[in-house]
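Next up: some structures, all given as structure tokens.
Two complexes come next, and they have one chain in common, subunit A, joined by subunit B in the first and subunit C in the second.
Right, the complex of A and B next:
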């Protein structure tokens, strides 16, 4: 780490991930935390957990991705703010240069990225429905009083997985309850749920896309062995769960920060002191025109550092004034 | 004497005929008044009033009518039936005057019919009040001027201007400042999806801001589109659908890096066309991103998909990723 490090942050709806990457592209440290509805606190906590040795190294660049990228990007002083699809694609190529399909299932969304000859050529994302994503599994595990970490192992023990309607999470839940009442063993229901989720993914997110091996399975849900097995059964070939599957987005963000290093001389990173700062976020409806945009502003230590959500760009301009 | 104000909603096929309508009413000695760009208040008014089944653009049209009706004496509510021989415009547009009457509840509508052959050449299509209220030769003269303006407007767009730029050039003599260059990107869809920056979250500006040169369907003449679609096993029924498929092919021939397709949620004819476009994009190997517009459009999902698609195009072609 003597030559400096890149930070990559993925601020998702369910988890917030942070990686520390060497200029060579290697992940030397990773933190995986629950966002718990408070992305700012989660990122502060993640950086606090890094410890002293990282605090002393030079920061070469910071990349941020995930649904909270704009907010966290402003607070950190990120050099690169990128969408999750690009970040996941870049990380997958770093992990497995021959990859042809990336399956990513996160908390609120799931995606597929089709890669040919080392270039992403197509992608798909789930539409508004969250059936077939991590939070649905989370919910069901909760309902069954199972720690989510044991979910996969339990599914693997199933002898006769039951068929669960996976098209809609609400219907899936009532179907599961029905199966429980009928007396099916828990492991068969859990395994059935895994298959339902995979079927929903393949029919919905991956509809019309050619899934060719090698397939990389990443995102928080990739830790679930039951889902991995269900994918392999449906696809008919093995899928690879990369070592850093849980932090691929963050790794991708760090890789993108490295890639664009030529465009910024020194990192805009505001330093680890942001962990102790008081960060206030407020929103209001701008009354200046008929659009009535919901504008978000971020204040750090009493000074406005960023704003967005407006269509005219008036509140966004303070971003560049503060950081650029 | 106070000049009568004719309200023209900036919605639906305004993006095709708006400038010509303005010229026509001006020539007659009336004051055309165009509603402002769509905003939240307009959208909310339209969504609240319209029946559930209509598409978002029709709701937007009604919103424009509702918010401008008090500012004008008469409201132009065109009845689009057909603009080309043996082709039709969406049936919802045929009933537009009636839908508007239900929503706005006023008897002050001016109904301009657009039927086969007689859109700009015949008095029959004009609102009856106009025909009875003005001398015949004056109406004819105004119509001729309007038709000339329409042709000039179309030529400006075919020369590479976006509709708003062409309108400003035609009516105010303002020529746009353009920074040319950048990779080409195609943007297809119905005109009222592409040029209403509120319902499409500023898609054109977003693409331009990322360094792309945007190509739109209105930049191609109708003749060329018809030629392009000759090989279809059965001619397409809908004029607007033809334009989408035809210009998709033409854009591919022009070498666009990719195509963004904005479609209106709950648009019937588009359900068919979008599938044809999808299949052709696959066969041609031309990257396509289809985004649905509705009143619940989440900005986050929309922007994420758009950015990811643009990154994909840039990386594919080896452009810098900024």
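Right, the complex of A and C next:
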């Protein structure tokens, strides 16, 4: 870490991840936290957990991805703010250069990335439905009073997985309750749910896409051995869960920050002091024209550091004037 | 009569000219906004497509401004657009609005209604005046489309994109006010000069060329497609768009004089989609094939949720995309669509095309 580090942050709906990466592309430290509806606090906590030794090293660049990328990017002073599809694709290629398909299942969205000859050629993302994502699994584990970490292991013990309607999370839940009341053992129901989620994924997100091995399975849900097994059974070949499957987005963001290093000489990172700063975010509907944009402004220690959401650029301009 | 009409991209400019020139008073609905969406969705059947809902919202907002008549178009194909006006009329009457519907339907066995509508529309003017006016409105539509094409070319190449947007908006305002058709090319030349002055030197092939295809309303109306063209332009993408108001008029109203449009569509789409599926389904496939042949960097298909013709086309896009190696992104939009998710996809798609292009360059050198 003597030559400096890159930070990669993935601010997702369910989890917030942080990685510290060497210029060589290796992950030396990772933090995986629950966002719990407060992305700013989660990122502050993640950086606090890194501890003192990182604080002393030089920061070469910061990349941010995930649904909260714009907000956190502004607060951190990120050098690269990228969408999670690109970030996941880049990290997958770093982990396995021969990868041809990336399956990613996160908290609220799931995606597929088709890679051929080292470049992404197509991708898909779930659109309207969250059945088959991490938050639904979470919710069901909760209802069954199971720690989410044991969910997968339990599914593997199933001998006769039951068939669960997986198209819609509401119907899946009532179907599970029905099977439970009929007297099916818990492990069979859990395994059935895993299969239902995988089928839902393949029929919706991966519809019309050619899934070819090697397949990398990443995202928080990849830790679930039951889902991994269900994928292998449906696809007919093994899927690989990479070592850093839970922080691939953050790793990808760090890799992108490294890649774009030529475009910025020194990092814009605002330093670790932001962990203690008071950060205020407010939003309002701009009444000035028919667009009625929802404008967001971010204040740090009483000064406006960023604004966005407007089409005309007015609130972004005011912000540059205020901060110089 | 105080007449209103639905919005669709730049359509309001020539139609306003036409209505006012014919001695009526055009009531232009407020530009489609959040309230339009809310009103339209509230009073429409849940399963209706987004253009139906937005048009209905436009009508309500115009009737509130005192419109007494609605000028609408219809169709006879398998697309639901064919019965928009009749259903919207029913809904608005049930809501208690009083108005007259002037429906310009293709005269398939119902010439009486078309004749009635045209008679009311042209009642204050002599035939020669009508001809002159229709000509002015038509020329406006043509020059607007040309100006728009220019803007799509220059926006990604501008050093001051906000200024480029302002120049273009000023051009629109000037065309709107213009009363002489001979002056229209002057405004166009002026726009060309101003946009040309804003261009910056660029490396060869740093600009991506992307074609937007799909359902015509979603493609032409920036206020429902989240200003897709401007967003792409600002990301360094030149948007190629075959659909436009004047193209639609040429193909559908003046098809007899411009048979080339249809011939080309049929020729290009035939190997993949040999029959007419309504709407612009066949055009979507034809334009995708064209993009493949001409090696564009990618294609974005935009359609409203539940759009039948485009869903048929969508099921064929993977095959066409595979044959020509053209990346395709399909965006399905309705009133529940979130801007963030949509922009993530668009951004990722632009990244994908850029990385692919960079790799191709590496391989070829």
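The rule is simple: the second predicted complex is superposed on the first by the 317 of 324 C-alpha atoms of A that agree within 3 Å, B and C clash if a C-alpha of one lies under 4 Å from a C-alpha of the other, contacts with A are read in each partner's own complex, and residues count from 1 in each chain.
The rule is simple: a contact is a pair of C-beta atoms (placed from the backbone, for glycine too) under 8 Å apart; a residue touches a chain by one contact, two chains touch by 3 or more.
These numbers were taken from a predicted model, which means no experiment stands behind them.
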| item | value |
| --- | --- |
| Three-chain arrangement built on subunit A, subunit B and subunit C clash or fit | clash |
| Touching partner for A:98 - first (subunit B), second (subunit C), both, neither | neither |
| First (subunit B), second (subunit C), both or neither touched by A:163 | neither |
| Touched partner set for A:83, first subunit B, second subunit C, both or neither | both |
| Partner chain(s) touched by A:58 [first = subunit B, second = subunit C, both, neither] | neither |
| Partner chain in contact with A:260 - subunit B first, subunit C second, else both or neither | first |
| Subunit C-contacting residues of subunit A that also contact subunit B | 67, 82-86, 119-123, 125, 128, 208, 290-292, 311 |
| Of all residues in subunit A, those that touch subunit B in their complex | 67, 82-86, 119-123, 125, 128, 208, 256, 259-260, 263, 289-292, 311 |
| Subunit C - residues contacting subunit A, complex | 30-31, 33-34, 162, 227, 315, 318, 321, 327-328, 332, 336, 340-341, 344-345, 347-349, 351-352, 355-356, 359 |
| Residues of subunit A defined as touching subunit C within the complex | 67, 82-86, 109, 117-123, 125, 127-128, 208-209, 290-292, 311, 313 |
| Subunit A contact footprint on subunit B (complex, rising order) | 36, 39-42, 198, 202, 278, 287, 298, 300-301, 303-305, 307-309, 311-312, 315-316, 320-322 |
